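The following pair of complexes shares a single chain, chain A, combined with chain B in the former and chain C in the latter.
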Partner chain A sequence: MKKTVSIILLLVLLLSLTGCSSQQETKTAGPVTITIWHDKEEPVIAVLEEAVKELEPDVHVVFEKKSGMTESLKLVGNDKNAAPDLYIFAHDKIGVYAEMGILTPITEFVDSSLLDRYVPLTVKGATYKGTVYQLPLYFETLLFMYNKKYMAESDIPGTTEDLYSYMERKTRYGHYGFVEQHSTPYYAAGWIHGFGGSLITEDGQPLLNSEEVTAALAYHKKFVDLMPGETEYATVNTLFTEGMAHATIAGPWFVPTVRNAGIDVEIAPMPIVNETGLPLAPYSGIQGVHILKVHAEEKKAAISKVLEILMNPDVSVALAKVSGCAPAMESCYEREDVQADSLIMAMRSTAETAVPMPNIPEMDVMWSVAGTLLTDVNVSGYDVLEAAESAQQKALDLIEAMK
Partner chain B sequence: MKAKSNTGARKTLIAYLVASPSLLLIGLIVVFPILYTAYISLTNMNTYHWFNYSIIGLDNYKRALFMFDSGFLSALLNTVVWTVVNMVLQLVIAFLISNLLNVKRLPLRNFYKTILMFPWAMPGYVSILLWKTGMFNSQFGLLTQWMEKLSGLTVRWLQNDVSAFLCCTAVNLWLALPFMIMIMDGGLKSIDRSYYESATLDGAGPIRQAVSITLPCLRPIIGPSVVITVFTTFKQFDIIYLMTQQVGAQTGAHIHTIITYAYENAFITNNYGFSSAISILIFALLIVFAQISNRREKEETV
Partner chain C sequence: MKKLLALLLSILMLVSVGISLAEESNNDMIIIYAKLPADWSFPCVWSWASDGTNAFAAWPGDMMEPDAKNEDWYYIYVPSAMESVIINANDASVQTDEIKIDQQNAWIEVAEDRTASVSFEQATPGNLPAYAERFTVYAQVDESWENPCIWAWADPAGTNAFAAWPGRAMKANENGWYSAMVPVWCNSIIINAKDGTVQTADIKELDPANLWVTVAADASYDVTYDDPTAPKAEDITVYAKIPEDWENPCLWAWSHPDGTNAFASWPGEALTEGEDGWYEIKVGGWINSVIINANDGSVQTSDLRVDAGKDLYVTVVSAEEATVAYEK
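Let's turn to the complex of A and B:
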């Protein structure tokens, strides 16, 4: 009896192991199935599903939500059995995947002249080493938001010095004139760009000890001194939604939360840095479709049809509305319903000065190094020049270690 | 005689055959990843050579040894201090609590046990972030608000190294104590009551009984759990990283264990060859520690 049980157990285990070994390739004749990985919320996908319905029955599009998509693509990006045909994600990983060799240029499917219809910022973000790897759908930029209950229209700061004097007047009794995630590179980059600087060049040279970056850090510090010590996402957002902060810089995704909290929120243009005459220019994230190389050739016609639908301005506007972001196609801004949306129009106008997040692979290490530099200066009170020198060296070492 | 040895060999063969599925499974889950990591460590697999990587010998190890600079040594020292402090506190506190749980006629014993198991049931990631924002946050944290009410001072718990180390230790204890308490509680229950009765008759007090009966009887039972916990504490990453170093939520403290140091200096580079070499070196370091602790244990039992 015991022997029989052990033999059965042995067989079950061996069978389960062989079951794990290979994924059966399902080849269907007739309609082509296009699989799209994404990390988006339900309403965005509902719009896309509705839009691609007209391709049925010839082209069947399947949307698969993936958590940890960036890592999954690294693992199976060139595996015919496991990789998707397309994926929807922000543009900032384009460099990594292009260097890995898993992406196909979008211009092999879409006439490059059609890209002129897009907001220039979005095409810039989608381009890596002169090749466009993403068809932009919508984009977001950080925005200057204020609570109308506390900040009167006459108080809206035109310049950073106006903002500072407002903060000096209003930061007291548990209230803050202005709060932001001052030691997070994504947010602090706006100040650095406002000084004409940048965290890294387009060819991957870190600029943390450059004159512009150190000047921005030194100037920014006096604002930080009037903010709470801890300024990660949760603290800053709670201060604003609780009505304890009068103004903040945040993404459009924050607006619904603020409105639900009963805050009368309004958007204003980014303040201009007095010293340089440039506005705070935040990073921008561009969401779009990318084509993986593995199935690009065999499914070229079907992929082209999907992309054609995604280039329809109606789809672009619908996506922008449900995502709370701004459409990537320029023609959308001529529509009345878009012009009536102050949030979208504010992002469009910020897009004139905003900077697409760098999409080069080197940026992966810069987030961490720049974050440490900002914390060292803003929270630990280290000397700006010394901290910048040491961060620059660390960035160089890590970039070298990438190769 | 020959027949006997034949039967013995057959029995051994059958034993291996029956155990082979489990061995195969263990091999796939435990041994294969280690061997694969060792293989990757000999290649130049990185963003620029993702699928077309080639074997480059020991180059990654040479680079990894350069990373073992003063920063790494201080991280190693931190790791040892972190492990010792946490283990001592865990053992002492778990011993006291499990003894209290075994007090005769203790009312609501099972209720206390359930409450004490609670931290274990919660996902570590959630617990750590709850501690960070709920207790230590400089605006809304409960501890900060108590301190403000009591002394009028706003304390930034996670800003300097010593205070951040103590906060991380508190969180680690909160997460790790349930396991140790459960093991010790089980151990205490398995000790024969008659030892204590005899000791009481001989006039031994509670402390004497604890030192001469409870501790020696508990040692072999909790031994393996202590070894497991030592390694879990040694390679702790989540608590220190999430409490002080998460990008966008860094607090200003610079406490590094060898794993957070390796993460900050290698793993974020997407250079899998280099990172694998570091992982193998840390693995070797852990094996050395394991050997030392095993030898000590053996010497002590002899």
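Let's turn to the complex of A and C:
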């Protein structure tokens, strides 16, 4: 009886192994589906879908638009049944996911020497603790924009003091020489970088009470005094599109809206801070592809093929054009159609000094703390040093709590 | 001979370049000239295309410019797609019938009986005036300032918009304001009256955008780009219910999108405790965005967009959750 049971068990085992083996073969020999989560607009995905078509039928790529993607990745990023194979997003969450252990380095799929073909800013943004976790596709930087109807070429400010004297002359009767989201960290960071400062170190130490940050806040305040008190996103943008502001700092995504409003808009280089000789250096966001560890080994060949397609400069240019951003690959800038696009070239130029948004987990805390600091100084009129000390302590406490 | 030919060719080329540049600048516009009966003052043009596109935002259209080089003739530029015009004057109390211009420069003569004849051949001697966009300057002057005029120029270049002082006569409007149009390349104006014997100081650093100037008897003035004749909202009351741990609630309020704040600095003005647990405060009815905050501004709602001019009832459940109603 024991023998019979053993034989039956052996047969069941053999059958199940045979089943597994044939399932495994299907996966490797048959079509492989690559699922990519994203939060992008339809035109961007249309470019990507067209590009990966050539991989059919061996590799079938499915793009899934995901609302709340960053939170979903935290929840299911290592769940074999729920996680995607890749996702397309900005680089600034890389640190969080790398620390969670859900990402695979890009260099396990792409020869690291090929990354030399990319704009250095983009690779810098894609790197966390020395490892590259993103294949950059395109990037954006904030830009200095002005209304040609109001600002003559001779008035384009070369320095921040030029800008200030222009604001003094032109901010009157309900119009503004220059407006920006002065109390939003993403925008104010350009001034802090222009003073050689930073909100946080690369290893996650907040710098809100540093000499550079407090000097930038104190200097920036006189500009703020010539702007409206309320400078949320919609207010600033509407002031510019309704012809009530001469110049602003905004992202490339704003340009189509401005042009639709009939504003004759032009881009100029960021003014240079007189005190430091450094230009206002805005944050940059780098959009790219990230590989989740969960299926990386199993689908390595197919994922490599997808990445190879996405490293085609034609794809990079097409993506930049539909997204209103700038291509991540350096060779794209040799093309005539790219050189003819003043907006893209302005971003490439700003990329020389722009700073990738920090991608470390601690930065999550800094957005809100730095925002409060900016409101305290710019809106409530608190003493810069006192407000900075208080914000620094708050940031330290929150980072400690996060750990 | 070769040199002479070359010289002639060069001159021809220069002339043709000059013409093409002039044409380029007026490329999308056509000029409408009009000679009008003597009692037609401050003439305007209303213009449209057959697809329903209008050249100007509202009837009676934009004011025509008197042509300094051709007495009795007025002119105005309209987009080249325009097919018909009506010329009107005296606050639109007199007007022609529809005049077909068929997307061409046109010279129109209006008879005393308001009938119009149109010619597409240039009827005014000399070059056509250069096209320039214009903006409107409105002025409200003291009663003693009779027949106000505007003088306008580009500073520091010193180029004047009008041929001679005291400049362009301003048109009296029904609301008590005078108005005149000025080329966009002007950044400085003077409002004057009584044949230029009284005047404001130079008003400089202006944007090429509609503006309103209020002039007192002593020639002092205020300027704004915000239309002061637009209807203003009455004060409203903002009522708020707040969580128990929110102390000393304040209102921060502003006008979106211009960003004008109701209060000088954050956290704004304190609400006073009223009936039934509602706190309240009065604020200008022009605000359309509010934040309720408390504990010295350390807790707050998000930006709440509201209808301007209506009393508000804001129920704050937490910093993340607040509802707005317009009735208790």
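Convention: the second predicted complex is superposed on the first by the 374 of 403 C-alpha atoms of A that agree within 3 Å, B and C clash if a C-alpha of one lies under 4 Å from a C-alpha of the other, contacts with A are read in each partner's own complex, and residues count from 1 in each chain.
Please note the rule applied: a residue touches a chain if its C-beta (ideal position, glycine included) is under 8 Å from a C-beta of that chain, and two chains touch if they have at least 3 such contacts.
Please read these numbers as outputs of a predicted model, since none were measured by experiment.
> Kindly say whether there is room for both chain B and chain C on chain A in the superposition, answering fit or clash.
Aligned on chain A, chain B and chain C clash with each other.
> May I ask you to decide whether A:379 touches chain B, chain C, both, or neither, giving the answer as first, second, both or neither?
Both partners, chain B and chain C.
> Could you look at A:170 and tell me whether it touches chain B, chain C, both or neither (first, second, both, neither)?
second
> Just to be sure I read the superposition right, which of the two partners does A:149 touch: chain B = first, chain C = second, or both, or neither?
So A:149 only meets chain C here.
> With the two structures laid over each other on chain A, which partner does A:402 touch: chain B (first), chain C (second), both, or neither?
First partner only, chain B.
> Decide which partner touches more residues of chain A, taking chain B and chain C as the two options.
The larger set of chain A residues in touch belongs to B.
> For A:234, select first, second, both or neither according to whether it touches chain B, chain C, the two together, or no partner.
Once the two structures are laid over each other on A, A:234 reaches both partners.
> If the two structures are placed on top of each other, which part of chain B overlaps chain C: 24-32, 42-50 or 150-158?
150-158
> Based on the A-chain superposition described above, do chain B and chain C contact any of the same residues on chain A, and if so which?
Of chain A, residues 228-230, 232, 234-235, 238-239, 375, 379-380 contact chain B in one complex and chain C in the other.
> For the complex, give me every residue of chain C touching chain A.
184, 205-209, 211, 223-226, 254, 256-261, 265-267, 289, 297, 303
> Considering the complex alone, what residue numbers of chain A touch chain C?
It is residues 149-150, 169-170, 172-175, 179, 227-232, 234-239, 242-244, 246, 375, 379-381 of chain A that touch chain C.
> Mind pulling up the chain B residues that touch chain A in the complex?
18, 20-21, 24-25, 28, 46-48, 50-52, 63, 133, 137-140, 154, 156, 159, 246-252, 264-266, 268-271, 274
> Residues of chain A touching chain B in their complex?
Going through chain A, the ones touching chain B are 6, 9-10, 13-14, 17, 74, 78, 96, 99-102, 181, 183-186, 228-230, 232-235, 238-239, 361, 364-365, 367-368, 371-372, 375-376, 379-380, 398, 401-403.
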